[in-house]
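Below: one structure, written as structure tokens.
Chain IDs A, B, C, D, E and F follow the sequence of writing; residue 1 opens each chain.
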Amino acid sequence: MAADNTMEISSILQGGYQHPLSRSWQARRHLTKSMLMYPIFITDDPDASVDIPSLPGQSRWGVNRLDEFLGPLVKKGLTSVILFGVPLNCVKDERGTPADDPTGPVILAVRKLRALFPELYIACDVCLCEYTSHGHCGLFAADADTPGTLDQGPSAARIAEVALAYARAGAHCVAPSDMMDGRIRAIKRAFIDAGFANRCTLMSYAAKFASALYGPFRDAAGSAPAFGNRKCYQLPPQAKGLARRAIQRDVAEGADIIMVKPALPYLDVIQDAAQLAPDHPLACYQVSGEYAMVVAGARAGVYDLRVMAFETVESMVRAGCTLILTYFTPQFLDWLSE
Amino acid sequence: MAADNTMEISSILQGGYQHPLSRSWQARRHLTKSMLMYPIFITDDPDASVDIPSLPGQSRWGVNRLDEFLGPLVKKGLTSVILFGVPLNCVKDERGTPADDPTGPVILAVRKLRALFPELYIACDVCLCEYTSHGHCGLFAADADTPGTLDQGPSAARIAEVALAYARAGAHCVAPSDMMDGRIRAIKRAFIDAGFANRCTLMSYAAKFASALYGPFRDAAGSAPAFGNRKCYQLPPQAKGLARRAIQRDVAEGADIIMVKPALPYLDVIQDAAQLAPDHPLACYQVSGEYAMVVAGARAGVYDLRVMAFETVESMVRAGCTLILTYFTPQFLDWLSE
Amino acid sequence: MAADNTMEISSILQGGYQHPLSRSWQARRHLTKSMLMYPIFITDDPDASVDIPSLPGQSRWGVNRLDEFLGPLVKKGLTSVILFGVPLNCVKDERGTPADDPTGPVILAVRKLRALFPELYIACDVCLCEYTSHGHCGLFAADADTPGTLDQGPSAARIAEVALAYARAGAHCVAPSDMMDGRIRAIKRAFIDAGFANRCTLMSYAAKFASALYGPFRDAAGSAPAFGNRKCYQLPPQAKGLARRAIQRDVAEGADIIMVKPALPYLDVIQDAAQLAPDHPLACYQVSGEYAMVVAGARAGVYDLRVMAFETVESMVRAGCTLILTYFTPQFLDWLSE
Amino acid sequence: MAADNTMEISSILQGGYQHPLSRSWQARRHLTKSMLMYPIFITDDPDASVDIPSLPGQSRWGVNRLDEFLGPLVKKGLTSVILFGVPLNCVKDERGTPADDPTGPVILAVRKLRALFPELYIACDVCLCEYTSHGHCGLFAADADTPGTLDQGPSAARIAEVALAYARAGAHCVAPSDMMDGRIRAIKRAFIDAGFANRCTLMSYAAKFASALYGPFRDAAGSAPAFGNRKCYQLPPQAKGLARRAIQRDVAEGADIIMVKPALPYLDVIQDAAQLAPDHPLACYQVSGEYAMVVAGARAGVYDLRVMAFETVESMVRAGCTLILTYFTPQFLDWLSE
Amino acid sequence: MAADNTMEISSILQGGYQHPLSRSWQARRHLTKSMLMYPIFITDDPDASVDIPSLPGQSRWGVNRLDEFLGPLVKKGLTSVILFGVPLNCVKDERGTPADDPTGPVILAVRKLRALFPELYIACDVCLCEYTSHGHCGLFAADADTPGTLDQGPSAARIAEVALAYARAGAHCVAPSDMMDGRIRAIKRAFIDAGFANRCTLMSYAAKFASALYGPFRDAAGSAPAFGNRKCYQLPPQAKGLARRAIQRDVAEGADIIMVKPALPYLDVIQDAAQLAPDHPLACYQVSGEYAMVVAGARAGVYDLRVMAFETVESMVRAGCTLILTYFTPQFLDWLSE
Amino acid sequence: MAADNTMEISSILQGGYQHPLSRSWQARRHLTKSMLMYPIFITDDPDASVDIPSLPGQSRWGVNRLDEFLGPLVKKGLTSVILFGVPLNCVKDERGTPADDPTGPVILAVRKLRALFPELYIACDVCLCEYTSHGHCGLFAADADTPGTLDQGPSAARIAEVALAYARAGAHCVAPSDMMDGRIRAIKRAFIDAGFANRCTLMSYAAKFASALYGPFRDAAGSAPAFGNRKCYQLPPQAKGLARRAIQRDVAEGADIIMVKPALPYLDVIQDAAQLAPDHPLACYQVSGEYAMVVAGARAGVYDLRVMAFETVESMVRAGCTLILTYFTPQFLDWLSE
């Protein structure tokens, strides 16, 4: 047929992906176990193991149960976790005093995990909202003309105190998720002055958006604000420019790792981060709502759970991430072993 | 407090997003009704109105029901649709002969819609898979040494014939979704030679991935392949490089609009497209599985449906899209009117 | 006809803009109501409502008339205003003391508008020229060898005092239009130190040119200098390089929004700004003379006013603006509702 | 005063523009007489000199009056003109036959001007709309299913015939303003084959927008279409992408000079052209409506005419133009002599 | 002839430069009188007018002869001069004390010229070599281990003192030619602190090479070093990298204008400067040896002097300069008037 | 002294060029003997050795004198020559028939030099002007309406014939200097068809300007045109854009080496060429007038000849050249041996 002859050399692409192996060669990078960081919830009842209904398959754990919980995963290849404190019994106040209480769940869990699993990399989320009476991530100005205004300087200073306490407890990494201006610089300054700058990695939630996907997490961590919302410090979902500026700022202020959160609806921002911080590890957080949505779709028969979990996480890898925080971590440890 | 004074000018970002309006200014572009294109299924029973269970809220429509179906939407501001033929009664063959049957559902629907709604912009998906006996999107080489090999030249030529038939019927736009090499060039050549190059827009499904998210569509359109899969012509999900090359190739071969499909797990590819084809309108298709997954998550209580629908679609806008194919179109017509 | 066959694929562009809808898709971004900021003149006679002949359709308003004036516009979708003080009864001096008089028109109007329209976004122009006895935008060196030389440091410090006073009064945004070197840095420093950095947005008139188009504004605001002109601080119209340097400097000094002024004869500078400050909202000011010129042309029958108003403002959008200060705001609120 | 000391080196810009001469140095390029090309209307009454009311100061001229009209301007430094034919007495038809009638006004004027002013550079606008019975710029497909569709190939071929006729008559430059796809390539091919490729410059109206600013010209040239409008071939005003693609296409098809039209509301597109075609002379056309609008504003007292004429044209120079088509040419010849 | 038909459209360039006017359009920028700055030698005999044999047509002038010398040139359009002091009667020392003697020739000449020609722009070369006993451009470290080492900090501080003295005397511009590290920053700091940052422009000899072309100047100014050479501070002729770094450094340290010197053998460096400092005026100095060489070639009959003078200076314009320091200035004032 | 302490790290450059060796390290590339190509004039009197007064030190040579002339230079390291034919006794015609006469001086010299010096690289300038009766570099159209117009296609075809004849005679390289459009493509096509594409290098005089510096060469070669000038095919000196386009075109048409000519006043164009053709050897021609000018300056005492010859040629190296055609070649063979 004559039309055959009109095929131009420059039209041909299919030659490059006819075989499963050549299809895999088209990826720039592949998902591996060491790219996974597992988010876990530590509560202040040391013997707790309580399921979280809105986050299928996840629980709140007490310090005494960590061996039983993580031991099998470490054997399958788990290399890192990130700890979220869930204080249910403490007295909260305006400054979030319990955040760096040396007997609080996070600090105890860090010490315990260092002892149990010497090879495990332990990151700590750093924020005040689980520990403040108002449930916001920063401190309020006492004498502000407009009530309810965050006080930037003291907030950053307080965050830095907490981060330093976690570092002193033995955390390999601290990850401030509060989105207060200047907290990366404040933490780095505190680390340098205390001699921790070369002992504890600083991972910035640099581009954290005010998303609809945090609901199950707030159930898990009990961290919904008592009033208002977080739209004055978490980024507006459409604000690509602010996200880019935040990434560049946090690089300049000393972040060692950059994170984008949530992940799936922000793959373009992940790609921006990969270009703006080409020399840093790049993390993303497949947040609670993303996880729950993917599970709900599978339960509704839209797709196979495993195929879809891979498509979502491999898209994050394709967009540029080298580190993935995901609740699917236990399953991937199995799937990647096959 | 001393810490106040150490806040650096370069640390401050929150000044730009304290107010709902300044938050909206941080977006580079906003979703409007004219950016929405509604995908609809046209079957060959002219009086049909059959619900599609796996695609909640969507139906297969016969030509006689289009006024009743679309009239109210046009009144609310619907500006464009894209037609998918669902032939249930025709005789399929190796060449997909019914695809350009002048009495087939797509051609009849184009003529009907042009008459009913003179202002409505009508695009037609172009593919062979709904019309071939083997259910694949191209033609097979009869004498190929390797059985089951697609014949690139004749496939592109056949696709071009179908596209030209739709253009002659009055389509404002044709959108080949087959992923055969060289079909953009073949269609454009056919359009030029027949005098349609300036009468019918050519929208390329330039980067269409072999995703897990097409299940509900295949139910709707009855287009699952009889054997094998489409991994030899749809792009591997991780293949960023192939996607970039396909976008550039289709621009060079005469595409007027570039599309990425699916949308949410490929936002980074959309952003690539926005950079590689900065001078073309950029479309994405929030495909059936994405739609169904978002709905399933809302039904499971993970988030509010409307907030999440906006977050997904506005993310596509943020990533660079200026045209969105989505099953949420009827709801957005309401939501954007408020 | 033979000639048909010689048409090259690469020649064809018309395929992409045959239909009104596909024409609209060729835009990268569309004008919406939330992109409009309305400049209004506040005088110190609280009951004033005085037409400004050279600025057709615009008036000077007293504080007591703001409800009557803006109420209907807010109902139509007005989302933001920028206030210009027009002090007719105050005693001016060398330092522009009345600029931050707590009983002056701007401060009173901010408080009034916050109370009347809680959703309205309120910006304040900041300058000294309406309040200085000499009518210049900065302060003069007392002991300079060359008389008439501006004193850069004290000028920036005074501008920052005024800006802070407006922020304390409740302005969501301050916009210094004076063009003194270093004033963005001075204001940001003052905001940080006083705790306003995350409560008040800083919009810089970063590239403000010494244009012929300010005549009607000077009539409106009574702000012509008593001697000399502003060519030593407003930018020379041909000075693309200075404009680019000013944009980059103001980004570095903490501006949250960048503005170019005037707009129509500086669309190329707007485009420069969009490239140099890709992550900031970008504003332009369709100044009094532009507005009056477009109106005069329509009155002379050169074109239809509405079509031309859209062509000018949509050109600003095309060049990269996401925020437009324009006296056409009331009309656009109607036109965009149709 | 302490504040003096806080002024940063990087804040200072005013040092570069304190003196009128240093202000002028901030320009990258200056307006000179040889950058001006004067558009003139040639009618087929050889003795005509008829004022055009909507285009103040401009007239339609007959061939016998050209010496009297242009002689004084050439003495003042006029170096080039572009001719627009205004046939009032010819018989128009579907193909625009009179366009290359050897006794038509344009061809006669070219011969006359070559004889009168051997140093004068003579460009000819090339279009069909003044010569077709339907008033459109291309030819219609006789057998098209949809009536009123332009036939791209034959239109380009016909435009090329006319351009070649003007080149044979002695034009130094032809400038097709029709916006038909493929006409630059068709003209260049015709020039090469006839031996005119190195004897006649090809200036493309590469980015010509469907603006509101052509009204006075249509009065002058009698070129309003008999039905419909030109939105299917002139570019949509917001279509930056199409404009960029057209510029790149016309460079590839052999244009020697690139033009953007209109000028003032498209300065950003001029800047795009300067980047996309950095090695070509770049022209813009300050069209009839721009000219009339600037004049109307001056008459309304908005500004001084001369200052504003300079601000508009120097903005075009700043944006990147090296050649300006303007009705202000006679005035600039005086102003630039002072 | 068959060969005709093989000419490709893409081969054709000659179409763009057939006519003298279209040839001139191929330039991006044209030489104008305001781009010329005339270097003049001021000696401390107030009545001197002494020819400089090695620099044909140039003289050393006393302050009392400036009216007679420059008056006619100002009438022809001279807009700026740069002054070089030639102290023949003063007592030189290690610190170059006479450089800012208030009765020295440069300071007296500045005051005189400001009075005589209020519109004339007056720049002052700033260096120590004419005033130091050792004839070098900086100060030597007294206690240096290595004798003969320049002391960078004190050198820059001394240069800044001299520059400030010239600014106080009324110079519109100072131009340090010494090539000491840090002197741009030192001068800018001194100007800011003394209130001159927005009253005196700072032109940096940013890329000044150790060329063979300074001989006639040293005769004119009597500035040959008493020992050694200047290769430790003037740039090595082949050192493109150092030149690029110096340009970027001086921009960052506050230079208002960047200069390259000499000009003709460094056109590629000028082009580098145009790319590295796109937003600054760019000057070059056609130095004494270049001038003398061009004159010598004309006297030897190699070319016509005027044609060659234009070819050299227009090459500087083509390479990116917007300001030319040249001894041909008086001739160009005539040539550009024709 | 306090000022010492203010020296910023970023101010320091002098540390990199204190020692002669570190100064030499600042160059990116150094002049070597193999970068020199010596232009020589071959006349048709086989025993000629005639001095050329306007080109000091150069002569016209007959074929029989080549051994005596070049033998000593080859011993000193001469590696390549480029031959220019100077036919004084032949009959010239419109087509330049003697150019490829197998008994003409160039072809005889090629054969002779191949025999005498087997290692010597022999390039031949290719042009028609020395052989046409009219003295122009191309052929004229016989039937052109405008007399004196070059016929592009036949000119390129004729140039290709001559180039092929030189290649057949044994030239290692042909270098067309005629500047006819399309001649690189015509030569390359001819070479491919005749099997010489991989046997003879094609060096394009890609950017050859209509300079004032060719006078002595025309004396040497007797190649002044009988009428008119070469401004319609040699590039206008200010036409950077045309030069850039010519370089890109010639690369695309198959040039193996790109040349810029003259060299010193076009160093910026050399730098453009180095960027536009980064993968090609880059030549420049220090033409007769440059050579004579440098010599005249030295004779007038402006500088030392050797120092200046180095400064000019090393500037060409710095700008990007890797091959230098220069009449200083014999001297450099000595100077580079020291």
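Things to note:
Please note the rule applied: a contact is a pair of C-beta atoms (placed from the backbone, for glycine too) under 8 Å apart; a residue touches a chain by one contact, two chains touch by 3 or more.
Computed from a predicted structure; not experimentally measured.
Using the contact threshold fixed earlier, the set of chains in contact with both chain A and chain E is C. Least step count on the touch graph, chain B to chain E: 2.
The most distant chain from chain F is A, comparing centres defined as mean Cα coordinates. The mean-CA centres of chain B and chain F are about 58 angstrom from one another, to the nearest whole unit. Centre-to-centre separation of chain B and chain C, using mean CA positions: 41 Å. Distance from the chain E centre to the chain F centre is 33 Å, each centre being the mean of its Cα atoms. Multi-chain contact residues of chain D, defined as those touching 2 or more other chains: 4-5, 7, 10, 12, 14, 16, 18, 20, 24, 26-28, 30, 150-153, 181, 185, 189, 192, 195, 197-199, 232-233, 240-242, 245, 252-253, 280-281. Because contacts link the chains in a way that matches no line, ring, star or complete pattern, their graph is best described as other. The full set of touching chain pairs reads A-B, A-C, B-C, B-D, C-D, C-E, D-E, D-F, E-F. Of all the residues in chain E, the ones that touch chain C in their complex are 168, 170, 192, 195, 197-199, 278-281. Within the complex formed with chain C, the chain A residues making contact are 141, 144-146, 149-153, 181, 232, 240-242, 244-245.
Note for the complex: chain F touches chain E at residues 1, 3-8, 10-14, 16-18, 20, 23-24, 26-28, 30, 54, 150-154, 156-157, 181-182, 185-186, 189, 211-213, 215-216, 231-233, 235-242, 245-246, 249, 252-253, 264-272, 289, 292-297, 299-304, 307-308, 311-312, 314-315, 317-320.
Contacts from chain E toward chain D in the complex involve residues 4-5, 7, 9-10, 12, 14-16, 18-22, 24-30, 32, 34-35, 79-80, 119, 121, 172-173, 185, 188-189, 191-193, 195, 197-202, 252-254, 256-257, 280-281, 322-323.
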